[in-house]
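Shown next, in structure tokens, is the structure this report addresses.
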Amino acid sequence: MRRIAVMTAGADAPGMNAAIRSVARRSFELGYDVLMVRDGFEGLVRGEIEIMNKKTVSGILPLGGSIFGSSRVSSEFAVQNLEKIRSVLESNSITTSIIIGDRSAVAVAAVFDANSIPCVVVPNTIDNDIFGTDFSIGFDSAITTISDALDKLHSTASAHHRVMIVEVMGRQSGWLALYGGLAGGADFIAIPEQPVPIETLATHLKQRKEEGKDFSIVVVAEGYPVATHEPTVAGRPVAGYGLAEALASTTNLSIRVTVLGYLQRGGSPTVFDRLLATRLGLAAVNAVREGKSGILVGEVGQRIAFTDLKEATSQPHVIPADIVLEAKTFY
Amino acid sequence: MRRIAVMTAGADAPGMNAAIRSVARRSFELGYDVLMVRDGFEGLVRGEIEIMNKKTVSGILPLGGSIFGSSRVSSEFAVQNLEKIRSVLESNSITTSIIIGDRSAVAVAAVFDANSIPCVVVPNTIDNDIFGTDFSIGFDSAITTISDALDKLHSTASAHHRVMIVEVMGRQSGWLALYGGLAGGADFIAIPEQPVPIETLATHLKQRKEEGKDFSIVVVAEGYPVATHEPTVAGRPVAGYGLAEALASTTNLSIRVTVLGYLQRGGSPTVFDRLLATRLGLAAVNAVREGKSGILVGEVGQRIAFTDLKEATSQPHVIPADIVLEAKTFY
Amino acid sequence: MRRIAVMTAGADAPGMNAAIRSVARRSFELGYDVLMVRDGFEGLVRGEIEIMNKKTVSGILPLGGSIFGSSRVSSEFAVQNLEKIRSVLESNSITTSIIIGDRSAVAVAAVFDANSIPCVVVPNTIDNDIFGTDFSIGFDSAITTISDALDKLHSTASAHHRVMIVEVMGRQSGWLALYGGLAGGADFIAIPEQPVPIETLATHLKQRKEEGKDFSIVVVAEGYPVATHEPTVAGRPVAGYGLAEALASTTNLSIRVTVLGYLQRGGSPTVFDRLLATRLGLAAVNAVREGKSGILVGEVGQRIAFTDLKEATSQPHVIPADIVLEAKTFY
Amino acid sequence: MRRIAVMTAGADAPGMNAAIRSVARRSFELGYDVLMVRDGFEGLVRGEIEIMNKKTVSGILPLGGSIFGSSRVSSEFAVQNLEKIRSVLESNSITTSIIIGDRSAVAVAAVFDANSIPCVVVPNTIDNDIFGTDFSIGFDSAITTISDALDKLHSTASAHHRVMIVEVMGRQSGWLALYGGLAGGADFIAIPEQPVPIETLATHLKQRKEEGKDFSIVVVAEGYPVATHEPTVAGRPVAGYGLAEALASTTNLSIRVTVLGYLQRGGSPTVFDRLLATRLGLAAVNAVREGKSGILVGEVGQRIAFTDLKEATSQPHVIPADIVLEAKTFY
């Protein structure tokens, strides 16, 4: 008899509830017991675990966030609390854990696996930085939020040329900036992977002004290294304002800044994310049924793919080079 | 020197303008001339063709419909007007046509190809019935409209059990019903590929009522064969109302009908469709650059794929069997 | 000490939860007890009533439908169950009931009032057919759904002239059709208050076609009397299809039908409805505080207005004549 | 014979195109000539004026921004260019100008009026700071953008308490912050009209944390005076980050900032704004027909109201005291 514990871990992202629902519905269908863990690994350590039924997942498909709650912990947390975790799972007769979450959740799952605690991971993060799946659940919803913002900015034109800087999430990577910017028709996309001198950007914007363009929209990832200096407010970098200052010091362009922040994590999942969450949740339970463990369930080339957690944690998820190249056609 | 004619053909769908923009931007980048054809093949026969510039495609990315206009003609139309078409293309020194459109457009393009008129097709239809691409541009936008409708219906619960029937497009196929229904959490999905006796549906709905569910949402494709009889209004079948009548005659459930109709063709394309249109438009021009012709440019397994037009027209695009099976978990 | 029972009654509508939240928050602030009644008057008769706390209303502001559930009953139901109702209210020491709902709810409240059961009504119906308030909560959300649908239809143009008929709610009145149609730029609006011969509509549409318009959008209220005949399906009139048939028999226009149905009741309330619900809910509690009873709390000319329930039930809420006149400028 | 010049002036706002369309449609109906002026008063001075026809306003109802373009100039600009303006208007035989715009546009119109240049103003600004109308066109759309953002933030909850600061527009006034915050269920709203010590806010947020609330959302107007210091980036104040720094220095709360910026000016107008624009545009032409001039056309208490431009420019549009008071119930 299978008894599955389900939890959401790491930063929350759209589609977590859709994934929970899919795991639960498939488990009910197979006659498995399903238990929910509150607040991710922190709740697991505290033993906050309870049985789920059909009512638990009724109506949650379109909801943003996670009805279970989530928490972000490091892999050290898992190492330090390993016996506590093992004891909670054993006392609840859990045969496998299904962990829905981000890169930090994959790292913790790898600790589980290295210590013979059965687990399967469903990748769910707006950052799309997990190896083993073309797209993580939540990414499409986040770039939709970015693209919607660019649509709104596009509709507000000015007689005089104005530059709109939109800061999006992405400390190490430009996934969100590049895809969101492409979908929203950005006029320049600044990603950490490809820093350019501020003069290059300034020249590009001045050219657009000379071509008679009403305005320019620049999308910048929060982790983009602004060359001249790096302003921080309340201890956090503000790449959008940093870029605004740098541009203001070398051009006479009129510049406005929008910082999307946590908007990108919120909202109802898109259809793409709902279908992906549904598919991956179902595949995760099927993997459990087949006795698989220590794997991440992803979709690669439109097909379900299983990746060993050691490989998933050791590899970065790099933006395909051809997409980066293609993007250049549009700015 | 390349001179490309671009046209949108068949029923319109979200993403046509995004595809036009991508074709144009890549052509400008390569130094090609690009000409726009008004109203699809009808406009082509009438010689309504003019040169495009950067202004033509400025700001069109988020727009629904097609800025060129479109028209649906049969392949016979192409056969009958072949010399006129050839003459218009030659007098404008067109080296290749890029045709953005639905299954009827593919059929016409196959006539072009069979008669040595160079062409490349970009699949763009909400029906997703074109062989050679996992998804056609526009499909994701249409299932988003369906899913949004189901979200709205879900939020309006009643004390007494009520059945909401939502009729969606799909004469021969359940692509829209199945994917839209899955994403929106439908409680039953009736697709032409898998007719069930009305008693089966009635029993399913009565069971849900007995389980204490507030209501049930049934998604039905317009081409679903309602067994008992087939009502038509103004010469068209109305599967939604047909199903309502059939259910009303065998149960005492309270039934309401929503018919989405052309809503599904409209609206701004989703991020998925914008990115797909951008990618396929770009790949179409690259194919022209490499001297390819008589092909459809699709995306299969996340990679650009070229399919011979003979193959594209001779094969149906069947819903994957595993998806149909997976869907059963949810209703 | 005040003890308030809150219930939602009649057909559900966007904004009910926002109104519940406002009533509860204001009551908590004043130190009143607030109790929730399940499923409207049916739940009241069954004694399904329980105490509310801050948690009950946390996060409900944006939710569609009613977290309490609702039910539609006639005023006879109230007459027949009067002693049961009185007994439930007394046994729970309720001093006043706040009833959030539609015209049927106002009728029941009038029975309460006539029998000395203290009550205050907050008007909440997409039909906007309640006398005593310029706008009922939910109306703006419903016309937003209609207008969004028209926006989508506008974006899907055809080379050949096509007529899109959109059937909206409104058995007796054209409130939804007129306001939704005006906001969405309809080309003709057919309301029960002003039937026109089918020939007039046909002529109007043919003129538009001759003027070179790509298409026409006709909004029709479900209660619009289609002259030639009145088709029904599953026992309900289908004005949209009726109009399609009538037009098809006198013109050669290509006609498509969309039936919005219960979509109009669903979805998150608009900002307008949230603010109105917040304001009226608060005013209802303030009215209770001042000892008022037997009244409806509305907003007239941007100011809170109290209307005696006898007056509210005896008067129709007529569309202002100047709006009907103004609308003619646009079609 | 009337010949009307229409222009949009000041910062752009949703609904400008809806207002243009209404002015044009009513003018066509009355047989007046209508001319459009490009880029507001700057275009007027340059003589950029041309005749409009039905095609000009076809399909513009849902579009954000202004199809004419706009520009913000001071009343001094009008004084300095008065003879040029008079000459352009006379050479085009303009009998009246209809000016759609913000407070700066009202100021310029007052200069026109003081110099016997006939004009009528339609108030259209997200700031809602124009005296003579309960609501300016565009305000409802902007608070919808704010409320949507708060809905998204609400859906992304954290296990640990987190404070989300959302900076909205409003240099001098809290209209946007108060109404947008109320509609979106903000937990604290900081408006310039009512500065509070940072300690008061810190205490409020700590209390919420102690009550077990997952997170708090604070809406702050950009003009809110953050007591401790006033950070600027690129020469502009950043109240959101200023508040974040001030809170970070007195609490150990985890704080995140979103800056909506120009998003608030963009996007398709809401139904409320479309109906208001339609009504005020129509009333403006009717006023011209009746020979009125030097007035602003607003809606007060749901009725069309005319305000003398001298009065409109001399009075501030103050947030009603009862709304400010009511808001306190919710945070």
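Residue numbering begins at 1 within each chain, and the chains themselves are lettered A, B, C and D in the order written.
To be clear about the criterion, a contact is a pair of C-beta atoms (placed from the backbone, for glycine too) under 8 Å apart; a residue touches a chain by one contact, two chains touch by 3 or more.
Listed by chain with UniProt protein names: A, B, C, D = 6-phosphofructokinase.
Fair warning: this is a prediction, and the values are worked out from it, not measured in the lab.
J.: For chain B (6-phosphofructokinase) and chain D (6-phosphofructokinase), which third chains touch each of them?
T.: A, C
J.: Looking at chain pairs C-D and A-D, which one is connected by more C-beta pairs in contact?
T.: Between the two chain pairs, A-D has more contacting C-beta pairs.
J.: Counting in whole Å, what is the centre-to-centre distance of chain A (6-phosphofructokinase) and chain C (6-phosphofructokinase), each centre being its mean C-alpha position?
T.: 40
J.: Counting in whole Å, what is the centre-to-centre distance of chain A (6-phosphofructokinase) and chain D (6-phosphofructokinase), each centre being its mean C-alpha position?
T.: Each chain's C-alpha centroid was found; their separation is 35 Å.
J.: Report, in whole Å, the distance between the mean C-alpha point of chain C (6-phosphofructokinase) and the mean C-alpha point of chain D (6-phosphofructokinase).
T.: Chain C (6-phosphofructokinase) and chain D (6-phosphofructokinase) have C-alpha centres separated by 29 Å.
J.: Going by the contact rule already set, what residues in chain D (6-phosphofructokinase) reach two or more other chains?
T.: Each of 151, 154, 268 in chain D (6-phosphofructokinase) touches at least two other chains.
J.: Considering every pair of chains, which are in touch?
T.: So, checking each combination of chains, I get A-B, A-D, B-C, C-D as the touching pairs.
J.: What residues on chain D (6-phosphofructokinase) touch chain A (6-phosphofructokinase), complex-wise?
T.: 12, 39-40, 42-43, 63-66, 69-71, 145, 149, 151-160, 164, 214, 231, 233-235, 238, 240-242, 244-245, 247-248, 255-263, 265-268
J.: Tell me, which parts of chain B (6-phosphofructokinase) touch chain A (6-phosphofructokinase) in their complex?
T.: Residue list for chain B (6-phosphofructokinase) touching chain A (6-phosphofructokinase): 22, 25-26, 29, 59, 61-62, 134, 140, 143-144, 147, 151, 154, 179-180, 182-185, 268, 270-272, 274-275, 278-279, 282, 300-303, 326, 329-330.
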